[in-house]
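One structure is given below, encoded as structure tokens.
When the chains are written out, they are named A, B, C and D in that same order, and each has its own residue count from 1.
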Amino acid sequence: MIERAIALLILTGLFFIFTLLAFFFRHLVYQFLCILVLMVLQGVLYLYLNAEFLGAIQVIVYAGAVLIMFLFTLFLFPEEELKHLKIDLKNLKYSSFLPVALFIFLLLSVLVKGIPESYQPRNIYFDLKEISNLLFNEYWLAIFLLAFILSFPMVALYVFFKREEKSGSS
Amino acid sequence: MERPDVFVPSSYFPILIMLIVAFIFGVGGLIFGALVRPKYYYSLKLIPYECGNEPSGLPWQKITIRYFPIAILFAVFDVEVGLLYAWCYGFSEMKALGFFIMILFLIIILAGFFYDLKKGLLDWQRGI
Amino acid sequence: MALSEGLFWAIFVTLLKIAVVLGIVLLHAAYTVYAERKIIGRMQARLGPMEVGPYGLLQPIADLVKLLFKEDIIPQEAHKVIFQMAPLLVLVFAITNLSVIPFHPSFSIADVNLGVLVILAFAGLGTYGIILAGYSSGSKYSLLGGLRSAAQILSYEIPLGLSLAGVILYAESFRLQDIVASQANSLFGMNVIPQILGFIVFLICAFAETNRAPFDLPEAESELVAGYITEYSGFRMGIFFLGEYISMYVMALLISLCYFGGWTLPIWLTTLLPFIKVIPPTLILILKVYFFIFLFIWVRATFPRYRFDQLMSISWKVLIPLALLNFLWIAFLKWRMLT
Amino acid sequence: MEVLKVLASEYPFYVISGLLIFLGIGIFILKKNLLVAILALEVVFNGINLLFVTASHYLGDPKGKMIVLLTLAVAAGSFAIGLILVVNYYRLKRSLSMEELKLLGEKDEE
């Protein structure tokens, strides 16, 4: 238990540091790198929740694919657009009340509840076989819809390039 | 007595040690190099290389938009590969429905992919 | 309830294992450079390095000393922190891939359930090293070369993953030891016989993933100077090359483990020639790896470089459909085997 | 001793997922930039994923982990669509600021 406690303490500290850095960097690329570190750390966190496959998929898909897609898109824009992203304090007045309240509520609710008695997980053996069985045999409709959701960006890409053709010819 | 049920992923611990050792190896080489290598910097040495000419313009000027569809298609296919791995792992307990829904999934994704191919998004020669 | 006493002992054993593996692999990587120059020299009817030591055998050490004593230039326009970190990213993730690979049925640094996925994940993270090196140099050639090489690695990661899906489906496990065991127990003895298509796709992708010829677009000297390495000098450039050679070894190990049965020999071969059973398992694996390293060098001496558009269209239009075809065939085979 | 018990429980996971959601919503609101907004939405997705996995682990129910697999895929698809929209918007307006989105219904000067 002590190993787990120490590891989670270190991970929480790292999350705090990189969240603050991600919040206060002005250059979008640096901000992006902090968020990349957060995503990889979340993959490590999944290991402590006994979901190693999800951890690997988190690193492969989020850190390896989705964020690389974002980085490629960043290079399409001129650098001046990304350099000085100031915090817009005009909007701080009312609109940021909601997330702060949400966060404080989360913290308080856990604190008020006290030390949880049920911290011991009931069924700790994560079996990917069970999950894949559940996903593909019983919730197959979700996979069917997912196929359409994933093929939608491909069709949208063509629409994007059609516009490009028009502007290029004119 | 510790509770044995509290989960610690101990089999992944050597990977962390390997990561740290590899990092120390790289940084150690660099630090050792910094002790012995010469340092004579002058401003002409520090300008970016441009085949001997004076550097002109910013580097971020003419990035072709061709890389954009590749990145997006890559993300879509990577998600697909992730789901495929989950399917592969539970194959022997799969029912007929589970078998055919994956085939259908692949067919729908490939339909979108071939639509893009046919419209020439990945043809480098096609002028825009 | 102190820290469990086994922990320090476990760390010590792991460090010992890491020292053995890292020492052997780094020595191999250094001498692969020498072997490459010698073999290509012989293929082009010249001698290769001959000056340093007998037959030029001390050439890698001379190269290392030369790289250490070179000046380390950080250009004005560079983003300094990213510029200094990027080569380390490439090297660290290439070395870490070695930790999940088994060299013997009972010897691997980390015996994890998801060996293949860990390698894919670290390969994906290693891409950031290249693309950030290109971005942070502040030079046009670097940025273009970095983007090109990142696009190349991205496009070849998909067929790589899809062809590995066939292997995973056949073994129904992500663990490399299980994959080898499933091949030894099967009728064919090697994965390469039922999935020859997947093997070809994987081999081509391995060439592209490690930036080797004929897909060494990032280092196309005649087109883009030196790609993302243009602004790097001295030991940082050496780190890039070291990472490349280590990832070459990782790919060769992965091919021989996933498709050629690793340390096992097929049953039909051992019944035909019973005396080869006495070869120790690690030697078999090493011989297979040497063969693939030789193949990497041979291809570099033989094939001309592809153009960038050809590179992209090979990946998307040929390899992905082929890999999917292979996958469907393996699914069909497995389905027939189960019913 | 009590501190160790809390640290080994699900408490740190709640804090971290709250942190991620807070970071996402915070930079969405405070930095008026479309690219940042899309990145922020992705961070919020991740925080919610972490909550799902935590709950699934401590309840011993595999459905939470299954949902995360689906959410990952949906997030990647929506992220791709969002990027296409932002790039298209930039080609039209030459700006990434969210302030100009207020003029969406009105007529342009051109």
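Criterion: a contact is a pair of C-beta atoms (placed from the backbone, for glycine too) under 8 Å apart; a residue touches a chain by one contact, two chains touch by 3 or more.
Since we're looking at a predicted model, the values are computed, not measured.
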Most centrally placed chain - per-chain CA mean versus overall CA mean: B
Which of B-C and B-D has more C-beta contact pairs: B-C
Between subunit D and subunit B, distance of the C-alpha-averaged centres to the nearest whole Å: 21
Averaged-CA centre spacing for the pair subunit B and subunit A, given as whole angstrom: 16
Euclidean distance of C-alpha centroids - subunit C vs subunit D, Å: 34
Multi-partner residues of subunit A (each touching 2 or more other chains): 1-4, 49-50, 52-53, 57, 60-61, 64-66, 68-69, 72-73, 75-76, 119, 121, 124, 130-131, 135, 146, 150, 152-153, 157, 164
Shared interface positions of subunit D, touching two or more other chains: 8, 57, 69, 72-73, 76-77, 79-80, 83-84, 87
Touching two or more other chains - residues of subunit C: 1, 112-113, 117-118, 143, 147, 151, 154
Pairwise chain contacts under the document criterion: A-B, A-C, A-D, B-C, B-D
Parts of subunit A lying in touch with subunit D, wherever the complex brings them together: 1-2, 4-5, 8-9, 11-12, 15-16, 19, 22-23, 28, 31-32, 35, 38-39, 42, 45-46, 49-51, 54, 57-58, 61-62, 65-66, 69-70, 73-74, 76-77, 81-82, 85-89, 91-92, 95-96, 98-100, 102-103, 106-107, 110, 115-116, 118-119, 121-124, 126-127, 130-131, 134-135, 139, 142, 146, 149-150, 152-153, 156-157, 160, 163-164, 167
For the subunit A and subunit C complex, residues of the former touching the latter: 1-3, 29, 33, 36, 40, 43, 52-53, 56-57, 59-60, 63-65, 68, 71-72, 75
Contacting residues of subunit B [partner subunit A, same complex]: 2-3, 5-9, 12, 58, 60, 63, 65, 67-76, 78-80, 82-83, 85-87, 89-90, 93-95, 97-98, 101-102, 104-105, 108-109, 111-113, 115-116, 119, 121, 128
Contact set on subunit A toward subunit B in their complex: 1-4, 7, 47-50, 52-53, 57, 60-61, 64-66, 68-69, 72-73, 75-76, 78-79, 119-121, 124, 128-133, 135-137, 140, 143-144, 146-148, 150-155, 157-158, 161, 164-165, 168
Subunit D partner contacts - residues on subunit B that touch it in the complex: 6-7, 68, 72, 75-76, 78-79, 82-83, 86
